[in-house]
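The chains carry the letters A, B, C and D, assigned in the order they are written, with residues numbered from 1 in each.
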Amino acid sequence: MKTAISAAAAADLIPDGAILMIGGFMGAGSPHPLIDALVDAGRKNLTVIANDTARPGFGIGKLVTAGAVTRVITSHIGMNPETQKGMLSGRIEVELVPQGTLAERIRAGGYGLGGVLTKTGLGTLAAEGQRVIEIDGEEWLLAKPLKADFALIHADRADYQGNAAYQLTATNFNPLMATAAPTVLCETREILPVGTIPPDEVGTPGVLVKYLIGRRM
Amino acid sequence: MKTAISAAAAADLIPDGAILMIGGFMGAGSPHPLIDALVDAGRKNLTVIANDTARPGFGIGKLVTAGAVTRVITSHIGMNPETQKGMLSGRIEVELVPQGTLAERIRAGGYGLGGVLTKTGLGTLAAEGQRVIEIDGEEWLLAKPLKADFALIHADRADYQGNAAYQLTATNFNPLMATAAPTVLCETREILPVGTIPPDEVGTPGVLVKYLIGRRM
Amino acid sequence: MHPEEVIQRRVAIELKPGSLVNLGIGLPTGVSHYVSHADNILFQSENGIVGMGSRPPEGMADEDLTDAGGAFVMAVPGAATVDSGMSFGLIRGGHLDVTVLGGLQVDERGYLANWMIPGRMVPGMGGAMDLVSGARRVIVAMQHTAKGGPKIVPQCTLPITATRRVTLIVTELAVIEPTDEGLVLRERGPGVTIPTILDGTSAHLIIPDVVPEMKLAAVLAAESQVA
Amino acid sequence: MHPEEVIQRRVAIELKPGSLVNLGIGLPTGVSHYVSHADNILFQSENGIVGMGSRPPEGMADEDLTDAGGAFVMAVPGAATVDSGMSFGLIRGGHLDVTVLGGLQVDERGYLANWMIPGRMVPGMGGAMDLVSGARRVIVAMQHTAKGGPKIVPQCTLPITATRRVTLIVTELAVIEPTDEGLVLRERGPGVTIPTILDGTSAHLIIPDVVPEMKLAAVLAAESQVA
C-alpha cells in the first residue's frame, strides 16, 4: 500500500536544488496542487524537466514566476515570456530539446536504455555538442537518457496500490516520467480502493509510484 | 473506414517470401485465424518476427509444422522442438534476440528511431557481430530496428476506423508490431461501430491499421 | 480575400481523403475550416490525440482535452488518445501523412526555419523539428513576405528546423515546390502576376512555361467545419 | 524434504514485503507457494502482467490471461497489464526488485549460464538476459549438482547469460554469495556438512568461521498460497 499524503507534505519531501520531472502539456495534465505547494514552501534552485513552462501564473509557470527554477530542460517556452527573459538574462539555464526527443530521453532513462537515436535535430542547433552515430551509412543523433530525483505526475485516478490511470490529452508525459525517477509523487482526482481499476486501464503500475496525493485531502 | 475482410482474403494479400511480424506470446494474443489461413494457403519461405514459435500444432507453431517458415527472428523456441530441429538441420535460419531487445527493436522500427542501446546481452553470444557503443565510459550494445512487410496482430476489439483495444496479457507485442509494418492486418473478436471504443482504451490508433479481420465473418 | 484565407483554402486542397494531418498553431489551424467532413481527414495533435475536433461550445470544455497550444478541443467519434512517446512515434515513424506549419524563412534547398530568431525570440522548437523530420509531406503555409521583406530566400539566415527538404510552400502569392533543381514556381495566387511574385522573393525561382492560377477549396457551410 | 522444497522455502525468505518479483518457469515458480499473502509481494510475469495470481480453478481460465510459459493464471486485485515494451522497461530499468531463475552453471565471477547447451539444447534466452542484466537482485535457485556433476564451477563452460554478478545462489545444500573476493559460503542446507558441499562444488568457496544452517520459510496453509 502506498502512503497518501497532502500536497504540503509532498513539498516537504523535496529539497531545494532537486531535479524534478513535472508532467503536463501547457498545463493540461500537470499536478497543479503539487506545484502550488512547492511555491508555498518557497523552494529554490530547482531543475525542472518538462515539456514546457506553461504560462505566467499557470502550471509550471507559477514556479518560474516564484523564482524557484534555475534550470529547465524543455521543448517549448514560447508561451512564457518570464522563462525567456530568465534565459536571456542568464538567471535560468534553458536546454531546449525537440519534443519527441525529450519524450524518448525520459523513457530511455526509465527503461534502462543507453540513449536515443533520432534524425530529429540533425544539422540544426539542437545537435550542437551532441554525438552523431553512423549506422549502415545513415547518420543519427545520439540523445542521452534523462532521470530526475522526483517525478511529479498527475493521474485521473489511482488506487492505494499506486496504480494510475490517465485521461485523454492529460496523459502526455506523465506515464513516461513515472518510470524515470526513484521517487514518484502522483497527484490525482480520486484515490480508489485496490482492485477497482481494471488491469488494462492502468497506465502506470503501482510499483512505480511512491506517494499519492488526492485532491480531496 | 477500413476494409473488413475474411482471413482467407487476408492470406491472399501475403506473398510467399514475405517478412511478417506476428503478435502473441506462447500463442496468447496471436491472430490464430490468420495463421490458419496462411497454412491453408500453403505459403512458403516466410520470415517470421515474433516473440516465440509457440508449440507444434498451436499458434505460430502451425506455420513451422507446415514448413511455411524459413527464417525466424525470435527470443524463444524452447517449447517448439520442430523449430529447434529446423535450426539444427539448417532448414530454418533462427536469429535469437533477448525478449526486451526484440520488443525495443520492433518499436524502434515503428517509431523512426535508429536503434536500441541496451546492456542486455553485452559480453554474451547475443552480442556477436553487433556493435558496442561507448557512452560516457559505459558500454552499450547497439541493436538495429526491425520492420516487416506485414504485421499480423490480434486485438480484443476494434472499430471500423481500425482503432484497436487489447486485453490483459494478450496485449504483449501486438501494439508494438502495429507500428512497424506498412500493412497491418488486425484480427479481432468483434468489429464495433466507430465511436464506441473510448479514446483512452485505444491501444493502436486506427491510422496504423489497414485491414480488419473479424472472427464472426 | 484576406491573404490567410487564400493560403488556408489552397492548403486544404492538398489534404487527401482519409489522411492523418497535423496543423500547426495559428494560420495552419485555420486550414481545417475548409476541409469537408465527408473527406474523413483525421487531425492529430502532438500533445496526444488522433481525431481532434473543433473548439467545444461554451461550457462544454474539459481541462483534460486540449490541443498543442493548450486550448480546449473536442474529440471526433473514433478518436484515440496516446502518450507523448507514441504521439511522436506516429510523427517520427512516418505514420503522419501531412504536417502544415508556419515559417519564418524557406530557402533554395527547401530548408525551413521556423523556431527561433537568435537574441530576440527563442520559443523553443516544441514538436516542429520532429514534425518536419518525420512527416511524409511537409507543407509550409505562410505569408509571402514579412514587413515587406522576402521570406523565401537563397539560404536561411535564421537557424533551420531540419535538414529535410519541405514538400511545398504555399503563400497568398504562390505555390512553390522545392526540387533537386531548386525552387519551382507551380501556381500563382488569385490575380497575381509573376513579376509580383519575383518582387517578393529573394531566392531564385525556376519558372515553367505555364504557371496556372491556384485553385482554392470551397468555403463550407458552418456545420461542415471540423475544427 | 525434497531438494526443490528446501530451495523454494529458502528463497522465499529473500523476498521482502511489498517487493516486485519475477519467478522463472519451473522450480522458481514454486517459491510462491511459501510466500505469505500478508507480505503483499507482487509477482510480475514478463509477458505483461504485474500482480499475477495463481492458476485458475477448473473452468475459470481465460485465454487472454497467461504466464510467460503460456499457462493460465489469475490476476490479483490491483494487477496491471502492460505491453512487452513496458514489461521490459520495468525489468531493464531497474524497477524489478528480485528475479529468481534456474541455472545450468554459476562460476567464481558470479556469472550465470542458463540459456543454452551448444549443439544440444538451444531454447533461446527469452527474457532471461534482460532479467539477469536488469533486476536489482538476481537469485539463482537450482539443485547443487546435475547428474552428480558440479554446477558451481570455476568458470562457466556454457554460454553465459550476462556479465553481471548474480546476488545469491540457493541450492538444497548451500547458500552462496558471489563477492569481489569470490564465492562465499553463507549457509548450509538442513543437516548438510561443509565437506558435503565442497564435494559437490568444483569452484573455490570461501568458508567463513561460522556457516549456520539455513532457515526455511514456513509451509503455509493452502488458502494463503498466491500462485
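Remarks
Everything that follows uses one rule, which is that a contact is a pair of C-beta atoms (placed from the backbone, for glycine too) under 8 Å apart; a residue touches a chain by one contact, two chains touch by 3 or more.
Chain by chain, the UniProt names read as follows: A, B = Acetyl-CoA--acetoacetyl-CoA transferase subunit alpha; C, D = Succinyl-CoA--3-ketoacid-CoA transferase.
Owing to the predicted nature of the structure, the values given are computational and were not obtained by experimental measurement.
Farthest chain from chain D, judged by C-alpha centroids: C.
Each chain gets one centre point, the mean of its Cα atoms, and the points for chain C and chain D are 56 Å apart.
Distance between chain B and chain D, defined via averaged C-alpha coordinates, is recorded as 29 Å. Each chain gets a centre from the mean of its Cα atoms; for chain B and chain C, those two points are 35 Å apart.
Among all residues of chain C, those that touch two or more other chains are 49, 75, 81-82, 85, 88, 91-92, 134. Counting partners per residue, chain A has 104, 107, 112-113, 118-119, 166-168, 171, 199-200 as the residues that reach two or more other chains. Taken pairwise by the contact criterion, the protein chains fit none of the simple patterns, being neither a path, a ring, a star nor fully connected. Applying the touch definition to every pair of chains gives A-B, A-C, A-D, B-C, B-D. Within the complex, the chain B residues that touch chain D are 25-29, 51-52, 54-55, 74-79, 84, 87-88, 94, 96, 98-104, 107, 118-126, 156, 166-176, 203. In the complex of the two chains, the chain B residues touching chain C come out as 1, 107, 110-113, 159, 161, 163, 179, 194-195, 199-200, 202, 205-208.
Across the interface of their complex, chain A is touched by residues 45-49, 62-70, 75, 81-85, 87-88, 91-92, 116, 119, 121-130, 133-134, 159-163 of chain C.
For chain A in complex with chain B, the residues that touch the partner chain are 104, 108, 112-119, 133, 135-136, 138, 140, 142, 144, 165-168, 171, 199-201. Those residues of chain C whose C-beta lies close enough to touch chain B in the complex are 20, 40, 42, 49-51, 75, 77-82, 85, 88-95, 134.
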